[in-house]
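Lettered A, B, C and D in written order, each chain numbered from 1.
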Amino acid sequence: MKYASGRHFLQIPGPTNVPDRILRAMDHAVIDHRGPAFGELGLKVLDEIKTIFKTQQNVVIYPSSGSGAWEAALSNTLSPRDKVLMVETGQFAALWVQMAKRLGLDPEVIVSDWRHGADADVIESRLSEDQTHSIKAVCIVHNETSTGCVSDIAAVRAAIDRADHPALLMVDTISSLASIDFRMDEWRVDVTIAGSQKGLMLPPGLAFNGISDKALAASKQAKLPRSYWHWGEQLASNKQGYFPYTPATTLLYGLHEAIAMLHEEGLENVFLRHKRHGNATRAAVDAWGLELVCLDPSAYSDTLTAVVMPQGTSADHFRRVTLEAFDMSLGTGLGRLADKIFRIGHLGYFNDLMLAGTLVGIEMGLARAGVAYQRGGVQAAIDYLAATH
Amino acid sequence: MKYASGRHFLQIPGPTNVPDRILRAMDHAVIDHRGPAFGELGLKVLDEIKTIFKTQQNVVIYPSSGSGAWEAALSNTLSPRDKVLMVETGQFAALWVQMAKRLGLDPEVIVSDWRHGADADVIESRLSEDQTHSIKAVCIVHNETSTGCVSDIAAVRAAIDRADHPALLMVDTISSLASIDFRMDEWRVDVTIAGSQKGLMLPPGLAFNGISDKALAASKQAKLPRSYWHWGEQLASNKQGYFPYTPATTLLYGLHEAIAMLHEEGLENVFLRHKRHGNATRAAVDAWGLELVCLDPSAYSDTLTAVVMPQGTSADHFRRVTLEAFDMSLGTGLGRLADKIFRIGHLGYFNDLMLAGTLVGIEMGLARAGVAYQRGGVQAAIDYLAATH
Amino acid sequence: MKYASGRHFLQIPGPTNVPDRILRAMDHAVIDHRGPAFGELGLKVLDEIKTIFKTQQNVVIYPSSGSGAWEAALSNTLSPRDKVLMVETGQFAALWVQMAKRLGLDPEVIVSDWRHGADADVIESRLSEDQTHSIKAVCIVHNETSTGCVSDIAAVRAAIDRADHPALLMVDTISSLASIDFRMDEWRVDVTIAGSQKGLMLPPGLAFNGISDKALAASKQAKLPRSYWHWGEQLASNKQGYFPYTPATTLLYGLHEAIAMLHEEGLENVFLRHKRHGNATRAAVDAWGLELVCLDPSAYSDTLTAVVMPQGTSADHFRRVTLEAFDMSLGTGLGRLADKIFRIGHLGYFNDLMLAGTLVGIEMGLARAGVAYQRGGVQAAIDYLAATH
Amino acid sequence: MKYASGRHFLQIPGPTNVPDRILRAMDHAVIDHRGPAFGELGLKVLDEIKTIFKTQQNVVIYPSSGSGAWEAALSNTLSPRDKVLMVETGQFAALWVQMAKRLGLDPEVIVSDWRHGADADVIESRLSEDQTHSIKAVCIVHNETSTGCVSDIAAVRAAIDRADHPALLMVDTISSLASIDFRMDEWRVDVTIAGSQKGLMLPPGLAFNGISDKALAASKQAKLPRSYWHWGEQLASNKQGYFPYTPATTLLYGLHEAIAMLHEEGLENVFLRHKRHGNATRAAVDAWGLELVCLDPSAYSDTLTAVVMPQGTSADHFRRVTLEAFDMSLGTGLGRLADKIFRIGHLGYFNDLMLAGTLVGIEMGLARAGVAYQRGGVQAAIDYLAATH
């Protein structure tokens, strides 16, 4: 690739900018994954990661991308042809549905317009109808990375409870964990799916399953074939801080550092920071006269903002122009939103001035790509940020 | 862990010592995995890696540990209850058998004494009996990491041919690739299993499948459920240098550097270097009066040496003493060999003086742990190394 | 120090932001400074650095900060009580005068208001008066880092020529080299002083003397005591790529990478980039209604902008507020300008979006610190940057 | 340079192998050298470094190589034509004498055979003769890096005291500090000269002066010109943790880490480790039938061993062969010892197995270069190391 001066702005909604501290923590010799020093490290990260999931139950870690954690969640708890209730809030939810089909499950899909979070009432109603409890799991994407809409997990939990339904609740937190508040135990989430490359500020390569005791019990009966993803083997090895196969050691070094950084800042402060940056970004989009993909203000995502391009304008042209002229990567529209929207990542290791550079890049990119917009988005964000510091 | 001066000697048979050049190549910001710079990188590594497999066919790369590549091999090509012929040459082969069972296959296992490579004649005879071609695949571990015995893949290929059997040939090269000669196309291997953390000198976290056209054709008919490991999706995305889900970007940076280093040294020189270090290590073991696990000189591994402890002596005690006194990690005995043997890794980024330090550490560790041995192993290795430079 | 999320903005006028590529190039084992690999490296960097100085003559490299290179320039070419003509354009020029006195020289100082570059006419007139050629050197700071005023070296050269005076011309390019055009040979500069930590994008720790043949001849007669800075020893060792004492090896690795990056971008493109960022910054300052320190538009610096605070407002208070609220470091006022001005560094490894973040940080900092200013500076810069890309 | 597999063995007597922890600590963004975070760092390292010098007085730090610290010591305390008593124990001492001459001092040199440390009796006798106290300083190299002979500083101190002479005691500890016990305050050393690249395990680039109050008082009267090296400016800035000019920030990051590591191991343990490795190395040399440069067992250096080549054998040929065949750098003979001796560095970040690799490399190199030697050096070292762990 051609050399360009200055730092690239990686403003896709993940992978996010990896802090130097984490890169440096990872930049170390590999150690014996069966030796005592590794066991210490393993115990530490397996314990520490629970604080991020807000759980006292179990979390397992795979060398894998986030979609592996989807597969682990399904294959450990379900049996061939099991019915699962899935809400298609966007492209990632749709891919999870596709995976469920491939694994031999029978997903029942609640469709959406890809511009809202999951509707808890619809879930409640569908579960209430399911008198035989044929639905074994409810699968929700917490923060739909393709649309910037958040689903209210507490509300989904309440809906399941109201329906008095025993289905497992599985939640994909890939682009919300460690950025938007998530409470595994309080919301009684049974399987939490997560990845390393967003709020955890790591490179991609680790995936996680938070596992409730109820999910663990279910896994003992589940009949889907599984080996690599087998929770039982993970949990058995994890007891002494080890893993059933060679773990991604250097990413675990980084994970330890990442969790330390999150606690240094304070997890609640991390959430507030993301909220403030979400608000500032939306103020800019509003001032530019552009439309958000997300139509429900209560569902606005604080980790990314998806923006609808004016009719007849190519989002990918705008993104390419912005990349070439200002060395910033923005997220592309996925699936049915391809070329119609662009996505701004404002999560992870981030601050006011990085956001400022990001928004200036967008404003200059809009001008340069000939997109119809109104000047002043950056100024609106500045005003918001200055007022709320 | 307690600080100790000087460099740790990581002499397990993998993960191996990661060169600084590779650590530095990985120590860089993550880039947009859907952007043009990534596409360039992806095309490059996907093409370059073929030279290491000695194939013109396809290689796919997963964010995963090596055992994931076992699962990918099986689940892409086979259907529930398919019969597979597996040779249990040691612990890793045994784990692969266990995985096959978990995935719903029907492995037929040729047992061994764990002190030899796979017996091609037995394979031929078993395949010849299989007139209905119920056996769908033959699964062999090239270099059995738990024993230090190499199986002769060319001979296995010839055995299959003599039996005129259509079974797929699957070979685990996790601890041989890029260290011991392996020729995927010449030997008509159908699926090659590999990992990043041994001869490729990378940290753990990437796994590979080399895929023959025959295996690819088989995958179109195979009925085992699969999603994360799905070859079809990988190959479709790979065409433009991309991946179907977020790849482990920083490990791919490292892979590019690793392949460059292997070619700078010359792949055949890499094999010769490993052979020479294997010989030197065996000369030392012989001089110490200790016994190799591997009983067949033609099957001696050039990447690791497994050594039998004198009767009544704990291998793990010796390893612990050596670690504490000399800051060197040696491989433990696995499965039925636990505490009875230790394993010396001499593969990857390695040279004469690192081997010298390793052997001195063992000789001093033997003394310190009170193991019965004869002095002179190091001297024997020095003499061999000096004579053969 | 307290952890804060996101990247620090280091916008002092040097040390500048070190690119990851350079940090990684430096992050390598030290090699034998008397071995063949070092000799190769030494020859390479000693040769390459000349392209940056635009000279065919000699450049020597010291493990030292920039002020060491001032001392090297003076002590190699002059004798006790020699008269030198120095133009005090700001704090750094003043420090150089102080050094000359300490070394036993007799500096004659042309004072300025610290708001202009050196006046070539005054230099010419003073040299013309010096019929006995008692003045041995003319010392000019090319880009005065304390004020953001550039002195026109070509004009100074012409002035010396018109006066037909044999004095050596010594130029401090510490904050201009590799950022603002400088032509050692074309302008017949006799000694060029430079440092690693500005346009060369390295950490501090290396200092440079570009040496004309005329200066070299003078050094043979010069009587000031010198040892560490002795050019003769440097040049003798440099012939084979070595140094007379242990060089700062890792910084030399970085220097090699830095020069490669400058040539990848193209040196003239580097100058244009700095000019554009200087213009954009000045557009912002103008829109804020603030005053530049530099009063001569033809002398505006493209590497830093010094801004006068409104009467009665503390520049250091503003800087502290900006650092605490937005994690950005700005340059302090030096010497007589202390607390009256602040300085914005926009040099080195830098681009439009980093500048955008910088200017937004200043605008928000001004608001937060209660400084009287007009909104719109960032918008003015955006408009300029977008129009001139 | 040509790529070779495995880690280079850098066994010159400095620069030494830099630990990854230190490289990683240095591999970070530069910060504002006038900002609060820097002030904190500065105060910390300026305070911590005193524990390594074993002083409660002052230590100043220069961006410079070690020879700069020689110049700082002389130029801060002495006046033109001052007499200094210097003991030429080897090449480095000789270079220091040369520097003193260049700076305009009048060194009186006690010559040696380059095979012993400084003779305290000769010093005493010379000082006793100096009734007028015309000798202003006694200059000693603690550990002469060119010969591997240590001078007994406590004995020199006692000699000065017995002569009741007011001369300052200046000691070069470049290759002893943090490896061989040195006690600045207890031995009343007035100026301690040190560098970063040996026992401090850093890359070259920092130099140090430990300054006694007596030396500081002397500096107020001293008349040698000085500016870059001026203690007064350093000490004034150091009070708040800052430096009078741009410091080598990244090396200071590394220094902080280095001191932490030395204290984690325990400074006295560090000395014992060096002593044990010195003994083991000498056991090997003895078994090879080779001769040490150092003729006085009480003066044997624990940081390096200089070995005399058999008559008629080129040391540099042997070193070149060893470098090419085994990728190990050994120290060359310097000055009058050129090509007659080689030097083995065994200091800094080092351990038993690194020493083992080093000695094996020498034994194989001797064989390969056709040097007359007896086998068994490595075995002798092993026996010593195993017996003394």
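Rule of thumb we're sticking to: contacts are C-beta pairs under 8 Å (C-beta built on N, C-alpha and C of every residue); 3 or more make two chains touch, one makes a residue touch a chain.
Since we're looking at a predicted model, the values are computed, not measured.
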*Among the chains, which one keeps its Cα centre farthest from the Cα centre of chain A?*
D
_Selected from A-B, B-D or C-D, interface repeating A-C by over half of its contact pairs_ = B-D
*Give, as an integer number of Å, the spacing between the C-alpha centres of chain D and chain B.*
46
*How big is the gap, in whole Å, between where the Cα atoms of chain A centre and where those of chain B centre?*
34
*Taking each chain's centre as its mean C-alpha position, how far apart are chain B and chain C in Å?*
54
_Rounded Å distance between chain A and chain D, as computed from the means of their C-alpha atoms_ = 54
*Tell me, which residues of chain B touch at least two other chains?*
7, 17, 24, 27-29
*Hey, which residues of chain D end up touching chain A in the complex?*
20, 24, 27-29
*Once bound in the complex, which stretches of chain B touch chain A?*
1, 7-8, 10, 12, 14-18, 23-24, 26-37, 40, 63-68, 70-71, 80, 98-99, 102-104, 195, 197, 203-205, 224-228, 230, 245-251, 323, 329, 332
*Would you tell me which residues of chain D are touching chain B in their complex?*
2-7, 9, 17, 19, 27, 261, 264-265, 270, 273, 325-328, 349-354, 356-358, 360-361, 363-364, 367-368, 375-376, 378-379, 382, 385-386, 389
